[in-house]
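Multiple structures follow.
Note that chain A is present in both complexes that follow, paired respectively with chain B and with chain C.
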Partner chain A sequence: MMKSFFRTYMPFAKAGTQQMMAYKVNFIFHLIGEIMSCFIMFFIWKAVFTSTDGKTFMGFTMNDMIVYIFISFMTGYLSYSDGAFVLGEEIRDGSVSMRLIKPCSFDMCFLFQEIGNRVISYGIIFVPIVAGVEIYRYFLMGSVQFNVGNFIMFFISLQFAYLINFYFNIIYGFLAFYLKNLWGTTLIKDVIVNFLSGATIPLAFMPFALQTFLTYLPFSSLSYTPVMIYMGMYTWDKILFSMALQIFWIFAFWGISKLIWRSAIRRICVQGG
Partner chain B sequence: MRRALRLHRIFISQHMKRLMEYKLDFTMGALGLFISQVIQLLFLGIIFSQIPNLKGWSFNEILFIYGFSLIPKGIDHLLFDNLWMIGYQIVNKGEFDKYLTRPINSLFYVTVENFQVDAFGELIMGIVLVAYSVVQLLSHIVWYRIFVLLLIVPFAVLIFTSLKIITASIAFWTKQSGHVIHMVYMVNDFAKYPVTIYNNVVKVIITYILPFAFTAYYPAGYFLRGQDGLFSVVGTILISVTLFGISLFVWNKGVKSYESAGS
Partner chain C sequence: MIQVENLRKEFKKAIKEPGIKGSVKSLFKPKTEIVTAVDDISFNVSKGEILGFIGPNGAGKSTVIKMLTGILTPTSGKCCINGKIPYENRKKYVKEIGVVFGQRTQLWWDLALRETYAVLKEIYEVPDKQYRERMEFLNEVLDLQSFITSPVRTLSLGQRMRADIAASMLHNPKVLFLDEPTIGLDVVVKDNIRKAIQKINAEEGTTVILTTHDLSDIELLCDRIVMIDKGNLVYDGQINNLKHKYGQMRELCFEMKNSDDLLSLDYKGHFTLDEDDLSIESDGVSATIRFNSDRASVQEVLKYTLAKIDVRDINVKDADIEEIIRRIYKEGV
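Right, the complex of A and B next:
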C-alpha cells in the first residue's frame, strides 16, 4: 500500500526538483529581492530601539525582533504554496480531464511536486537564515541561544503551516477562477493573510481582544505559531495546544477542498477532445 | 515629439476602452496595492505610539517621506509598466519582433503600450499622505519649495524608469531578466524611510549605485527641512538624466543583439 503510494507520487517530486533546478538562478534573484524587506525592518527596529529609553518594545527586545523578522520571513517563504493555482484554469479550459483519467489523486500530485520543489528551497534558505540568526544572536548575547527542543517543534510546526497553506490555496485556486484577475486578487489575499497571520506585524502588538480572536483563526497557524515556538515564547502547554489547532485546520481545509473538488467535477462538462 | 504625444494619447484611450470592459480587474489591483500601504501605515502607527520620533524624524515627517515616495513610483508604474514584460516574456517568446517592425521607436512603443491603472492604488495613497502630512506640518512649510518639489517629480520618475530599462535590456542577451528587474526594483523600498537610519553600506548603495534615495528621501528632506538643497535637487536631476542616458545606450545595444525565437 505504502510502497505503491510512493511509487505513484515520487516521479512528481522528482519533476518538481528538476523544475526548481532549472530555474534556480531566477529563484535566487527573486529571493534577494524579497529579503530586502527584512533588512529594511531590521534598520527600522534598530532606529526604534535607539529612540526608546527602555530595553524593550511592547515586551520584545531587539534580539527578539531580529529573530522575529528573519524567522517569520523564512516561515512565510517555506510555507508558501501556489502549485494548485492552475487548477481553476484547468477546470475552465477543460484540460482537467487529463487529471481525471490518471490513476492518482489531484491534491497528491500537486503536493509531491511542491515537496520536490521545496527540497531545493530549503537548501537555499533554511540553513543560511537559521545559521545567520543564531550567529548574530550569539555575538549579541555572548552565549548560545539555540534551543534544540524548540527548534524541533518549530520544524514540525512549519510543516503543518505548509500543509494548511497548501489546502487553503487549493480552495483559493477554485475561487480565483471565478474572480478571474489573478494578480489583483492574489495580492489582496496575500496582504490580508500576511496581516492576519502576524507576518507583517507581530500579533502581540495588537489590542488584546483582537489578538485572542486572531489566535483562533487559521491564519495565526501559518506564521505566528511556528515563529513563537522558535523564539521560545510559548510554554509546552501552549506549544501542544497551538499545534493541535494547526492539525485541526489542516483537516478542515483538506475536507473543504475535497468537497469543492467533488462538486466541481460533478458539474464539469468538457466539450470535444 | 508632437507625434509621440499624439500616439501616446491614442494608446491610452485604447487602453481605457479595454479597461471599461474589465472594471473588476482594475478595482482589485488598485485595492490590493492600497490595502498593503494601509497595513504598512498601521505598522508605523504602532511604532510611533511607543516612541516620540525615529532618529529625530516625527511621525508626520515620516508620513510625508513615505507618501512622497509613492508618487514617482506610482507614475512610473502607471505609464511604463510594460518594461516588466520585456524581462519576463516578450523577448523570450520572440514577441519583440512586433516592436521592431513598426515605424516608431521601439523603446517608446514598448513603454507606452500598457497603461497600468493598478498604480492608482499607490498614487492616491501617496497624494493623501502628502496632503495630510503637509496640513499637519503647515507652520514649518516653506512654500516656494513646493514648486521645486513638483519640478523634481518627473526626474524622480525617470530614475525608476531608467533602472527598469537597464535591467529589462539584460533580457536581450539572456532571454529573461524579470527576476533581475524585481531584485533591483525592490531596493526602492529602502527609500521610503529616512536614509539616516541605515548603515553606510546601504546608504552608498541607495545613493550612488541604485540611486532610489533621490526618488524620495533627498527631495523630501529638502522640502521638509531645506537640508542639502544643492545635493538633493540638482543631484536628483543630474542623476536621473545620466541614468536615462545610460539606459538608452544599453537598450540600443541590446536591441542590436536581439535574436528572435526560432522556427
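Right, the complex of A and C next:
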C-alpha cells in the first residue's frame, strides 16, 4: 500500500526537480529578490533598534530580531506553495481535465511535484541561512546558541507549516471557479497572510488580545510557530501545544479541500475544447 | 464494451447583460439559463471496434467524450464502459482507458519526452518488461526515437501529437478515446497516425472512439459512425449505409466552350428541382452541378446538357462521404 503509493508519486517529485532545473535562471533571480527584501527588513529593524533608548524593543533584543528576520524569511520561503496558482490556472484554461484522466489524486500530484521543487530550495538556502545565523549568534554572544532539540522541533514544525500552506492554497485555488483569474486577489491574500502569520511583524509586538486571537488562527502556524520554536522562545508545553494546533489545521484544510474538490468536479464545466 | 443509455448533460450558463451596468447587475442578481449540451443519447460499441464519432462544431461531441472518460458527470442517463461507470471510482476506471485530446497535451511541458513516459510508467504501474516492449512497439509505429530526448515544449505539433498518442497507449488500455487526433497535422503525419491507430486496433483489439472533422480519417479507419448534432443523435450505422441512403447526390462537371452558355441551361425549371436537390457553381469556364439523381436521372441531365450547349470536357461523380455529411450538417437527416 505504502510502497505503491510512493511508487506512484515519487516520479512527480523527480519531475518537479527537473522542472525546476529547467528554469534555473528564473529561480536564482527570484531567490535574489527574496534575499534583498529580507535585507531591507533587516535594515529597517536595525534603524528601529538604534533609535530606541533601551536594549530591548517589546521584549526582543536586536540579536533576537535578526534571528527572527532571517529564520522567518527562510520559513516563508521553504513553506511557500503555489498550488493555488497552478490549480487556478488549470481550472481556468480547462487543462485540469488532463489531470482527471490520470489514475492519481490531484493533491498528491501537486504535493509531490512541489516537494521535488523544494529539494532544490532546501539545498540552496537551508544550510547557508542556518549556518549564517548561528555563526552570527556565536560571535555576538561568544558561545554556541544552537539547540538540537529546538532545531529538530523547528524542522518538523516547518514541514507542518508547509502542509497547512499547501492545503490552504489549494482551497484558495478553487476560487478560480468563481473569479476566473486569481492574480489580483493573490496579491491581497499574500499581504494579509504575511501580516496575520507574523512574517511581517512578530505577533509578540501586537496587543495582547489580538495576539492571543491570532495564535489560534491557522496563519500563525505558517510562520510564527516554527520561528518561535527555533528561537527557543517556547517552552516544551507550548511547543507541543502549537504543533498539535498545526496538525489540527493540516487535517482541517485537507478535509475542506477534499470536500470542495468533490463537489467541484461534479459541477466542473471544462472550458474550451 | 461500451453502453451509453439516455445520456444527458445540462450546463448552467450565466447570462450577462452588456456594459458595466450589466456586469454590476450580474454580480448581485446572476441570471442563468440551462443549456442542454447533450440530449438523450444512446449507443453501444462492441469490443475491438473503431467508432467514428462525428458532428459539426458545438454538437456536443467533446461533452460526450468527457462524460465517457469520467471528466464530467452526466446530468442524467448512464454510461458503462467495460463494466465500470466512469464518474464513480474515477481513479480505477481511468487505468483502463487511454485519452488524447488533440487540443491539449498530457505531456510534461518542461521535461524531456522520455521523462513523461517514465512518470506514466509508474502511475499506471506498467512492469519493466512490458514497458520496454511497449515503447519499442510505439516507437516503431509512431517513430518517436528522433525526439524522445527533447523537452516537450520544443516539439512540433506533429511530433507532439504522436508523442501524446503514444502516452495514451503506454499502459495498453482497453479503450482508447481520441478527440481530434489529427487536428492541424500535415498529410504525411496524418497518415502515420492513422496507420498507428489501425495497427494498434488490429494487434491489441483495442476499442477506439474517434472524433474528428477530417472525414478521410473516418473513411479510412471506421466502419461505423455515430453522428450527433445539437446534442441529439442523428445517425448511427455503417458508413456504407449512409452512402446508400444519402448517396443520390451526383456531381456533373463540365467545361464550356462559351461562358454564356450556362445561362441557357435551366435545370431547375426543366426538371422541377427545388433548392435542396440542386446547386450550381461556376467560374465562367467550368461548372459544377450537384443534383439529386432520384429526382432527375443522370442520363436525362446529361442528355439535356449536351443538347443545349457545347462542352470541351464532361464527367459525372458520385457524391463522396464529405458531400453527404455536409448535406446532413446543413439540413439534418
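We adopt the following convention: the second predicted complex is superposed on the first by the 257 of 273 C-alpha atoms of A that agree within 3 Å, B and C clash if a C-alpha of one lies under 4 Å from a C-alpha of the other, contacts with A are read in each partner's own complex, and residues count from 1 in each chain.
Here is the rule we go by: contacts are C-beta pairs under 8 Å (C-beta built on N, C-alpha and C of every residue); 3 or more make two chains touch, one makes a residue touch a chain.
Keep in mind it's a predicted model, so treat the numbers as computed, not measured.
Peer 1: Counting only touches as set out at the top, which of chain B and chain C does A:I44 meet: first, second, both, neither?
Peer 2: A:I44 contacts chain B only, not chain C.
Peer 1: As a test of reading the superposition: which chain, chain B or chain C, is in touch with more residues of chain A?
Peer 2: Larger number of chain A residues touched: B.
Peer 1: Go through the superposed model and pick first if A:L217 touches only chain B, second if only chain C, both, or neither.
Peer 2: neither
Peer 1: Examine A:I247 and indicate which partner it touches, taking first as chain B and second as chain C; both and neither are also allowed.
Peer 2: After superposition on chain A, A:I247 lies in contact with neither partner.
Peer 1: So in the superposed three-chain picture, is A:F195 touching just chain B, just chain C, both, or none of them (first/second/both/neither)?
Peer 2: first
Peer 1: On the A-aligned overlay, A:F12 touches which partner chain: chain B = first, chain C = second, or both, or neither?
Peer 2: After superposition on chain A, A:F12 lies in contact with chain C alone.
Peer 1: Does the superposition put A:L187 against chain B (first), chain C (second), both, or neither?
Peer 2: A:L187: touches chain B, not chain C.
Peer 1: Which parts of chain A are touched by chain B and by chain C alike?
Peer 2: none
Peer 1: Where on chain A is chain B touching in the complex?
Peer 2: Interface residues on chain A, with respect to chain B: 25-27, 29-30, 32-34, 36-37, 39-40, 43-44, 46-48, 50-52, 57-58, 179-181, 183-185, 187-188, 191-192, 194-195, 200-201, 205.
Peer 1: If you look only at chain B, which of its residues touch chain A in the complex?
Peer 2: 22, 24-25, 27-33, 35-36, 39-40, 42-43, 46-47, 50-55, 118, 176, 178-180, 182-187, 189-190, 192-193, 197-199, 202
Peer 1: Please output the residues of chain A touching chain C within their complex, sorted ascending.
Peer 2: So the residues of chain A touching chain C come out as 4, 7-8, 10-12, 14-15, 18-19, 22-23, 94-95, 97-98, 100-105, 265-266, 268-270, 272-273.
Peer 1: Mind listing the chain C positions that touch chain A in their complex?
Peer 2: So the residues of chain C in touch with chain A come to 11-12, 62, 66, 69-73, 90-92, 94-95, 97, 99, 101, 103-106, 108, 110-111, 115, 118-119, 121-125, 151, 179.
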